[in-house]
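Next come two complexes built around subunit A: one with subunit B, the other with subunit C.
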Partner chain A sequence: MKPPPFTYHRARDVQGAADLVAELGEDAKFLAGGQSLIPMMNFRLARPEHLIDIGRLRELSFVDARADSLRVGSLSTHRAVETADLGAGFAVVRDTMRWIGHLPIRARGTVGGSLAHADATAEWCLLAVLLDADIVVAGSGGRRRTIAAREAFLGFYTTVLEEDELIVEVLFGRPAPHAAVTEFAERKGDFALVSAAVDLDLGAGTVSGGRVALGGVGPAVTRVPEAEQVLQAGGRAGRELFEECAHAAAAAVEPPEDGDAGTEYRKALVRNLVIHACEEAVAR
Partner chain B sequence: MTFGAATEGGEREPDLRVDGSWVGAPVTRKEDPRLLTGGAQFVDDIHLPRMLHAAFVRSTVASGRITSVDLSRVLEVPGVVAAFTAEDLHLGDITPRLDRPAEEHTETSMPILARERVRFVGEPVAVVLADDPYAAEDGIEAAEVTYDVTPPVLSEVQALAAGANAVHDEAPGNVLLDVSMFATDGIDDVFAEAPCVVHVRASTGRQNALPLETRGVVAGWDPRAQQLLVQTCTQVPHQVRTALAGSLGMAESAVRVLVPDMGGGFGIKCVVGREEIAVAAAATRVRRPVKWIEDRKDSLSASFLAREQRYDARAAFDETGRILGLDVDVLCDMGAYSCYPFTVGIEPLMASSEMPGVYRVPAYRVRGRAIATNKAPTAPYRGVSRPQHVMVMERLVERAARELGLDPLEVRRRNLITVFPYTGVNNVTYDPGSYLESLNLCERVITDEGWYETKRTAAEQGRFLGIGYACFNERTGYGSDAFAKRKMQAVPGFDISEIRMDTAGSVVVTTGTMSHGQSHETTMAQIVADKLGLPLDKVRIQQGDTDRVTYGWGSFASRSITIGGTAVALAAGNLGGKLVELGAHLLETQRDNVELADEGVRQRDDPSRALSYQDIADVAYLKSHLLPKDTEPGLQASASFDGVGDGTFSNASHGVVVELHRDTGRVEILRYVCVEDCGVAINPQVVDGQARGGIAQGIAGALFEKVTYDDNGEPSAASFLDYKVPTACEIPDVSMHHLETPCLFTDNGAKGAGEGGTIGAPAAVLNAVNDALRPTGVELNDTPITPQQVFDALTGALEVAP
Partner chain C sequence: MTEHDKVLLTLQVNGASHEVAVEARRTLADTLRHDLELTGTHVACEHGVCGACTVLVDGDPARSCLMFAAQAEGSEIRTVESLAGDDGTLSDLQRAFSANHGLQCGFCTPGFLMLAEGFLAERPDAGREEIREVVSSNLCRCTGYQTIVDSIQDCAERRRETKETSA
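And then the complex of A and B:
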């Protein structure tokens, strides 16, 4: 559980980091909080020859919460977000942080690292997809582009990011006062067996639309249009509507069978967690 | 029990009991300041000049012949200094022995490094030494080992199948031990005629004892002492020395084993590890100190495991719920090798002898087998088989209560042993305990807290609450007679203690036991302090040094306080006798006219005439010409103690309240009550800690932890991602209650307290889960119980509900 040799580089600015990774190619990896990469290196499952430490790029560490938008710098820790005042529109982002690992992990792990790692149950991926966030990336030669989160995650630990691109911030452009994320794992802090997120369009006790996203049911976090159609059709915010939505979500996915849980059990978790998430979202 | 208040002004000194004794007081642990302020020294804190770091090339296949080992590329890796195979080191095998006939036991050997054959993934094949641990790991990656792979044997079913590959050629059927220790005449008739026969088939998951500190060793040649100095974290320093000397072909006197602070052991460190020996041998070859620190991956996959058993058990009852007979077949999957010194018999022999537990069982038949498989070997793990067989016994009682329509607690009460001493059908004599009293108190606590009411209300709301109990005893303080019944060739039991008072009137006391977290430095000091009327800070405990401590048996089987604690008490008493004698001589009075008091000796008929220990030590060391003619100078004494009869039985009852979450299948523990009786608690705070930690490990076995393998025998739970050790979030606070039935043969009435928590928890949790599942008709007997199993059971219930 010791990593193979690598060359350590410390980035002075975003541009230098992106340019250096372009120069070094696929054997180089950015090091942010190191909460996924370092364990993988210790198990020798990841063997980058170069590590580019972006930990000192303070300009990437910020939380900018406004009434109608939320910008989070990629080097912000989960803990920094968990302890920030994000206002009613983005309280769901803050409240979701408690599902991420344990406190020491949240104190070091970063938003950008989590998005770039793209675990199939990552809370940041789930939030970004649910809330239609934009992911801003910097590339070599001064390139910048914005990626819609819904198009960012391709599969197991795979994103649309180019090799020379570094996430600089994630932008949530739509307040979500009636959103909630919930999970189930055998132990607190574990990767979720299933995670469910909903964002309801709610007014006067009536749902007129909404978004549903799931983690742990496939190679990447995913939105569930079939469940969203139920919310789109609308109705009174209550058990009946939520159950219909949850059943649609469960019917739409075919989660993997593994040592931890079978497909049917995971589908049942989807059903129950979506109902919980809806109820929490309404109560918010 | 009342305790003296802490003195003002931040003085830690006396948390003495009001009656003035140290024994029984919740004294703050002497170890804690250094442990809590970074002052402790663990193996990994040892840094020696020129020290190298070792890593092991380990087998990547579960079963096969080694066709080639090529280490030439290893030596080219930057930082690598040396690499050795079995052929290079010529080490003797470890062969644990049982004095049992060939039809019962097949002796097998464990090589230090694998030769010719490998028997599990992770088995050490070669050792690489490098300037740092990183280079050592780079080195092991460069090793080229080829295997002729054979199909692995990965379960007891595979092991026992006709034509199965033999893990050891000596044991073609893979049965290393097959004992039928008890078979009451006419037991088949008892079952045939019994009005109620219940059956429980159960299997329990393979577990890792999981000390926070993994195994580790620093070994090097000491040219001044002309000794191999081995600093290792072990529960059994002398047994490590014996095995090391034997394997290396050295005299035991040429090896010194020294144990630093330890971060837990739980049994995994009470057997001799092959890595310890390989590292010591490699260090002698390169004439440099070598450190090996086991990483968590190796600890989880390639150290010693435990607890994987399968039971086929029947019990016969009369209509009133009285046990008529017990018939048990237990298979223990011991993995690839037998451990030293405990052997492969550790689990099946414990199950065979202890299964009847706290109950009166008139007829008993048992067959216990140890099966070899291509998985990491096993060692004793806290509780040793009792967490499993108590669980099965308690399930049998619960099943009978259901069949007979009786209250399960009433069925227990009708069968609990209440008259002591009691000699059971298993030929074990139980000393007095509080079996019934502890159950009654446990039930009362649960009742008074309103949990039965809560359960009823919850049921009305469609929630699933359950309440479960477990009653058990734990044999502690095994003496050599009791251990001899196991027929191990090396028979543990006694302990020897030596005590020395210095010129300042302070004492140093040796113990052959070895604290790996139990705080012997505090509890043993309490015992000695009482004997000599000393403050705690004038008593220093010495342990874990084979040069300074006479051959001892270390710490396991909850023996430290019972055996070791009595030995130190007797040694202190002997020193006290010597002080009395010298004091009387110096005060010029009769021996029976003086007594120990106020750190000195005083005259009974004239307390103004007194000598301090310092005064007496002054004569004993600096003015020895004043001693009586036939008296040797100095102030030292020694004593030994051996357990009596069948040992002494601690006991406890656990009560658990769980809620099953029907949305997820999660088992939530709402309340945990433990009523324990370990006789006189030397330090109640330490006893509480032992019970709490044990209960956490028991809950881990019931609900979380399982070592798993894929079809090739590759460990699939080699990190904490997959090996689900519960955290503080999953473990409830435990409500602790104490009863005190003193042991009749230990010096101060103490019984062992090391393992009880672990023993009761799986049974109590499982019974609570099954109580909650009652409306579904489902009963779960295999552990760990998974959320999916609970969910499936509950979903069935929801479907059949009207």
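And then the complex of A and C:
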């Protein structure tokens, strides 16, 4: 279908965008790449009265990769990250981009848009939660604050962002040389049924800790402490440890039953995907 | 501004500048077709799944149904009409689609052509697997895709040969 009518505004700077959305109220939305918002409008699932186009805010489009940190501006496209040299510490971020939709979607869709949209299987949400990223937001009246990604996602398409807040960048403060993301979808480029991500503390073939995050098993991406405890207990990096970790992850979640897949099927996916992610993380 | 007010835009399409006054909700796809009468860009699913409306935005393939025309101001847009010469001579990519039977009914073809045009410009050395992966973004209900992959691979190989010969 065609999208419903709205009034178009073009932001000139970050502050102007935040102030304008505060002035226009709850019927106003930011428009970044539009790769989630515009389909929802075309389906008439979203009917914002006002759109504030932030697409020209070039100062929000950057990738700043260093040895021990990675900053990604919110208007960077997935494609820009996919083609950037992020170094060994953040290669997992670059390599995860291929799971996001298809090339034309990645060429337009943005990092900040994906985080703010907060789909339960969104790769950026998964990476941010896995790697304990910080999300920097700008609000009206010049306010700025930093939100820990682990506290950012509340449920289906819901974040802790206030209505007048705009994501400006996401900061990964810790390198993850042994991390991997994998997922399963019926067709390449579809939304994942389940996605799994691990970040291992690995030295001399031994695991001494790690983080495990899952998408598609609940209303928002989530860390799995039960699986992380297995990694914390540690052991030789190999099938036995990874299977134990994967089983703990599957036992800890209660995925939804829906038209796409049942609870048990999703749990089986968790088991398989966590093992795959662990093996990929070790091989990195 | 009421909902029927229009926005005045200057769009760069296929190397020419166009002024249009459109409703803000007008997608780039509909603006190209209805306001600029460039009907080569096709519209099917209108929610970013089929890829029939793919055009190039600053060189990158993009779904023109998932962009408002207002977002395209300041960008260089290329549509399928830009491929052939002024006298109608088909481009090498179009000839490859013809030679390899990369189309049957032809409805999806403009989208595939622009997808391949943008992709090969960035990845001239792409192999078959990479082409298959990129092509998976668009839908075709006739060909079964094999001949589309053949067409793009053929075009890429010919371009590489031409480059070697001239080098």
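Basically, the second predicted complex is superposed on the first by the 284 of 284 C-alpha atoms of A that agree within 3 Å, B and C clash if a C-alpha of one lies under 4 Å from a C-alpha of the other, contacts with A are read in each partner's own complex, and residues count from 1 in each chain.
By definition in this document, a contact is a pair of C-beta atoms (placed from the backbone, for glycine too) under 8 Å apart; a residue touches a chain by one contact, two chains touch by 3 or more.
Just so it is clear, the model here is predicted, and its values are computed rather than measured.
Judged by the touch definition given at the top, the superposed model places A:G189 against both subunit B and subunit C. In the superposition on chain A, A:R79 contacts subunit C only, with no contact to subunit B.
Of the two partner chains placed by the overlay, only subunit C lies in contact with A:I105; subunit B stays clear of it.
With both structures placed on the common chain, the touch criterion links A:F43 to subunit B and to subunit C. Contacts of A:L51 after superposition on the shared chain: subunit C is touched, whereas subunit B is not. Touch criterion met: A:T7 reaches subunit C, while subunit B stays clear of it.
Contacts of A:N272 after superposition on the shared chain: subunit B is touched, whereas subunit C is not.
Residue contacts after overlaying the shared chain place A:Y157 against neither subunit B nor subunit C. In the superposition on chain A, contact is made by A:G34 with subunit C only, not with subunit B. One of subunit B and subunit C touches more residues of subunit A, and that partner is C. Where the contact sets of subunit A with subunit B and with subunit C meet, they give residues 1-5, 39, 43, 102, 187-189.
Here subunit C touches subunit A in the complex through residues 1, 3-5, 7, 23-25, 27, 30, 46-48, 51, 54, 57, 60-63, 65-68, 70-71, 74, 115, 119, 133-134, 136-137, going by the rule given at the top. For subunit B in complex with subunit A, the touching residues are 133-134, 136-138, 141, 295-297, 663-666, 704, 708, 716, 719, 721-722, 724, 726-727, 729-730, 786-788, 791-792, 795.
The touching residues of subunit A, when paired with subunit B in their complex, are 1-5, 39, 43-44, 102, 184, 186-191, 259, 261-262, 265, 268-269, 272-273, 276.
Against subunit C, the residues of subunit A that register as touching in their complex are 1-8, 10, 31, 34-35, 38-39, 41-43, 51, 53, 55-56, 79, 101-105, 107-108, 187-189.
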